[in-house]
């Protein structure tokens, strides 16, 4: 089987992942809508997942892909909990603008 | 046996002190006084015992009681020595002490705290004895400070008057300045000789190998100590103020005994001072300046006790002059005669004050001669003695001083003579103003004028007697005192042979005294001049009347600056220092407050910092390298 | 291994207990179960072993820290009974989550594979998100949960990225293999980058500056008992894990990285202490105090090879003091709508025992002798001086001095002010917990050997 | 340039673009849609690596579960309006700056890192078929696998806990 | 029997006092402090018979910390000072009701326990622990039972706590550093250390900070007057009578032998600073309006002289310092107690409102005067022995030191007598002043008799401390 990395190179995947990760970070910083922030975090996780798979191929090793499963499960759990918190905030405040969360400071 | 006796001699007044302190309130005043007197009398008797023994055997008695302080290689024990010098001092301390105790029984009988008064007097005698009989400098220092304390207590005896308390405090502090000098002198001697025992120091000095520079400094320091206690320039100002105390106190402490401690100390350490002629010169000069200065102030004082006080300072100056010339026996001679006539004068003035119910201003006296004959005559004798009229005691001793001065340095002699003339003048001024012409006080006072009771007059008579014949102990020719003191003096002081020069000088001195008396007579008796009110005094007189403003100068130069520094420290330095420390806390708090603004609750900011932190770390680790 | 299994089992049991309506028994059973697990764990102390392809490694380090976690959990669950009195129907959920959280914590200190580490930290974090937000009707609690969740997930992403890079560099998740490879030459630079990212993620968890911003807000907003959990258990877990991570993956920290630790350590303790000075809310104040303690604990990383015992001691001392303090704080602020210092006025008169306990725990945190906090700081200082970082120690000392300022603010309030209201009855469990915690604290202060030398042999 | 490379670049560009649009869209629904597209493109990357199973799972989990959950929430909260006020300019610029710094920093360090010059290993063994993955997951990674269940259980209880209404005075 | 029993008795005393209830507390505390006094006498007896009463037990193996209590003449004297003054101080409060007495007296005993421990400890860390432990009770005593405005007091007491703690923490760092060198905290091991001059300097400085703040030496004294003023008198007595001796004791026991070279090098500065404290304290005392503040500054002046004695590095200086420490311990307790007696009657410390007491209370006046005179260092009182010896040692260093240091005897007399005059003398005060009670008399008489007895016969103390001081001195002088 031909190793795809011979043609594309692991660096490119790293750059792609890093950029994707940074876009995720950018999203977290840029948006006030909590649900979009959540999505940005998902993008970050996905960037890492992508890199995992790339490294998995790089090492010709299954473990990286196994870790992606774990990471997905974690992402799912996080989203579930995150959305639950979001919903209760929405119930209390009527908005999910994270800039409104400024009660606690000082 | 001798040890016990010596202890008894020392402790007897202390017992009196303890008794009067603890039981004074419970017993009647008279008994308190009697007990106080008896304990001193007892010491006096023991002293006589020792004295006769000494005369017979000529042997000193020295004993160390117990170890006191040990500092490194310096062992200081608590020892006593009874030799010619200390016994001589003891004799007149306890003797005059007894007389003054007797006097006080009557003088103080109206005071509610009489028992306390006697307690203090006894304590004073105790410390004075300690001072005298110690066999080393540190024991002397106990007594030295102890008499200072008693002086403090007694000056401020009428404690409700804060001016008296100020005087007491001043006396104590002026003394302490001297004491510091004394202490430093002790330190230097201790460092030099590793001992403070007199005889050991004398031996060490005699064996040579001494650092004269160090000894010079030591001698100077010790002399500073003496100027404090014996009221010499520049520390004499406390003594006139000390007249705030009851008159017996003035007589005992501030005329006869305590103030002579400086002379005692220098005589004690004559072997040391003999080695340092420069310091001796200093002593002589200081002595003579003090004598003239004090005498000149005495010329215009109106408070009867103040006059006597300045006269005391002046006489002490003469004694120091003698010491400075190495004429220790002469100084001691004058100490003794002075003790007699000055005690008598003070007691006499006390008698007058007593009769006038506390009036001390001579402008309000006069004409007391007839009412108080005993007081008058005894005082007159003493005045003649102090003026140096033949053949009273003062004549002999003062003449010796002048003689020594003449041989030593003509300028010193001249100044001393001037002081004598002034002495004669102001003493007779005192006599004339007090006892002659008409009474100038209130009618109320006139009614109560009376001669003092026997308990007061008896000591006066005894003292007047002594003032008359006191000169006998060292009459030219016999020079008993000279011979007596020879064992304690390192350098033998040759006695004067009575030559033409001596007689001539005697004549000059006598003539000087008479000039002073006549001058006073002319002004105060003949013209009936009464000193003006305070406000009316002007010109140079005002300066003298105000004691050359020396107190004011001291206040301006020392006391005020210290107080100013103190105030400045209290009001400025301390709060600022405090603030400085607090400011650290305030600064921390301020940072905290500013930090709270950063912690503004914004998730975006937190993330922002988070990412910046990551970037910083990554840059530092992987890019900046 | 058994620890993890039994803890998980206990958690599931708690959930099942709810089905059979055994609420009354829940907390006693949980505590007894945890005590049993504690015994079980300690029995493995001298039997180092690894399980399931080195997924779980049992050694002295993991056993001692796990035991500490279990002890802390026991305290926290004991306090839960009264705290959740109003929420009976959710009690089992709370207890179960805490026990699962413990399972995550145990996994974090006994991992042998980064997968276990990651899942462990996620179990811990997700439990904490839930607990922080668990007062769902209170905005503050929601806000705390949300903040913690967003920042925590972000940190998780960073950690995941780090793990990924390490995997990329080595091809393994197994830390033994990674440790081997990390010593060899030719390892790609991805490895240090990955490790750095993981460490940054952990620094976030222990709330080290500049990743500490979440802590005060979350501590303040979360329900008090969750704050107690976060400031004691969670912090200790994160610190132990960070230590284990570094120690497990690299033989020694390069100097350049030590510089970073020095800076972060000093910065963290300074920020924590200075910010705490001006706080009025006790929970918030303790959050900053916790941050400063994190700074102190980071000093342990400077003497990596010898500091395990010290770190254990420090964390134990800190956590026990924290438990005692929070027991009092929970009690005092039980029916209040905030946790301001004003609520503590006059506690010295109304409830002297609790005031004494709070005082003692604060003194311990401040590092006053005979309380274990003193020895903790002291041995940390000694270790650090031995590694040649005297100036960090001096910074630590200055910070200790600053810290007195706010600890004593609370003490002063308790003893000099007058109480506003009369005291209400105190449930026994608070006394019990606080007293036991503080006695343990003093005991290990008087006999520091017991813990200090556990890991050195 | 081979097909694979072209596909890679296309997919990469698509991934980045959709990711960016996810963040940039003002309407949450649009964001969600872009995100789904992004996930699909990532699945495409997985397929490039020949990791078919993973790609499938990815689509099922992310696009199927997570995104549906999110969309559901958005609908539930009625957030499908463009009602978000933009952040203040300073934060937007800050975000942008941080984004740039971070990208530059990370890319720099990876460029600086040792580039792999030689070829890549091709073991030829099968390492990513379902069979192999299953074996690895249930043998070596059994404990984490089981532990994941604890994680999910916790999340589940937690979610329930957070949304459950309490009956008063039970 | 070894010295640990002393610590035990005080600690148990503190606990029992706490549980004995408010009514009995003072009596129980007195009982236990007397018991510990007896025990210390017993130990002293046993020590002077040549028995070894020290104790060394391993406590913590890593870092190696021992529970080491060293009982030589020097430490025993200081312990004795503590155990004599404690019952005296407790006793002095008899006849005055204290709020929350059980806590109060328990804290007093606990503090005494810690101070005893400090004097005995021969292991650096143990010593440090006791050192810090002593700080906590006094903090609470001053905070809770103090007088004056509560807000001000809080600030000042906190400042005191932080300040002293700050100093001692640097000492802790020094100890930690020494440990890394010596691998032990034991005193004798630290004595043996061979430290470079630079190390010595830093260690000396760290110690100095701790001691200078505790003693205090200027310019680290700014906490003192405020705390003395605001603490309850018992606390002030404990602070000034015993606690500040901890610092002076430590200079001799720890600082000088461990870093002798540094001490030699900086001798002029150290002595100069101490003497500056003497003068500055005296000058400040001159114009104080508050009796307790005045006494606080007098204490500053006195301890400055003691510190100067320590830092002369001569055997005389150290000897004198020890004498002076003990004497000052008694005299300052006496002075503060006199202030307390006045406060009990007039409820003020403001000197301006006092005066005219002597006519109403002659007994009190006499007792007070004796204490004042002792504090001024009149020969025949114990203070003179110390002062003389210290000044003598100063004179051996430099004549200027003794001249400046000697100013204390002038300025001391000035401010003390001025205070006495303003407080006690003058026209009878319009407020009536009841004569001292029997408790108060006993307390003062005990203090006075101690001062007078040892003033005339200090030999027992000299003999007791001499060998141990010589030993320390030879350590200081041995080449390092």
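Chains: A, B, C, D and E, in written order; residue numbering restarts at 1 for each.
Operating definition for what follows: a residue touches a chain if its C-beta (ideal position, glycine included) is under 8 Å from a C-beta of that chain, and two chains touch if they have at least 3 such contacts.
The chain lineup, named per UniProt: A = NADH-quinone oxidoreductase subunit K; B = NADH-quinone oxidoreductase subunit L; C = NADH-quinone oxidoreductase subunit N; D = NADH-quinone oxidoreductase subunit J; E = NADH-quinone oxidoreductase subunit M.
Treat the numbers as computed from the prediction; the structure is a model and nothing was measured.
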If a chain touches chain A and chain D alike, it appears here: B, C
Mutual neighbours - chains that touch chain B and chain D alike: A, C
A-B compared against B-C, more contacting pairs: B-C
Most distant chain from chain E by Cα centroid: D
Farthest chain (mean CA position) relative to chain B: D
Chain at the geometric heart of the assembly (C-alpha centres): E
Interchain centroid distance [CA atoms averaged], chain B/chain C, Å: 77
Centre-to-centre distance between chain D and chain C (centres being mean Cα positions), rounded to whole Å: 31
Separation of chain B from chain E, taking each centre as the mean of its C-alpha atoms, in whole Å: 36
Euclidean distance of C-alpha centroids - chain A vs chain C, Å: 27
Shared interface positions of chain B, touching two or more other chains: 585, 596, 599, 601, 603-604, 607-608, 611-612, 614, 618, 622
Junction residues of chain A, two or more chains touched: 10, 14, 21, 24-25, 28-29, 32, 38, 54, 58-59, 61, 63, 66, 70, 74, 77-78, 81, 84-86, 88, 98-99, 101, 103-106
Shared-contact residues (touching 2 or more other chains) in chain C: 115, 119, 122, 126, 129-130, 133, 136, 146-147, 150, 154, 189, 193, 216-217, 405
Pairwise chain contacts, counting only pairs that touch as defined: A-B, A-C, A-D, B-C, B-D, B-E, C-D, C-E
Chain C - residues contacting chain B, complex: 146-147, 150-151, 154-155, 158, 189, 192-193, 196-197, 200, 204, 210-211, 213-214, 216-217, 256-257, 259-260, 271, 273-278, 402, 405
List of chain C residues in touch with chain E within their complex: 309, 348, 363, 368-370, 374, 378-379, 381-382, 385-386, 390, 393-394, 397-398, 400-401, 404-405, 408, 412, 415-416, 447-449, 452-453, 456
List of chain E residues in touch with chain C within their complex: 59-63, 125, 128-130, 132-133, 135-136, 140, 143-144, 150, 154, 158, 161-162, 165-166, 169-170, 172-173, 176-177, 179-180
Complex contact set, residues of chain D against chain B: 87, 91, 94-95, 98, 101-102, 105-106, 108-109, 112
Complex interface listing, chain B residues touching chain C: 585, 588-589, 591-593, 595-596, 599, 601, 603, 605-607, 609-610, 612-614, 617-618, 620-622, 625
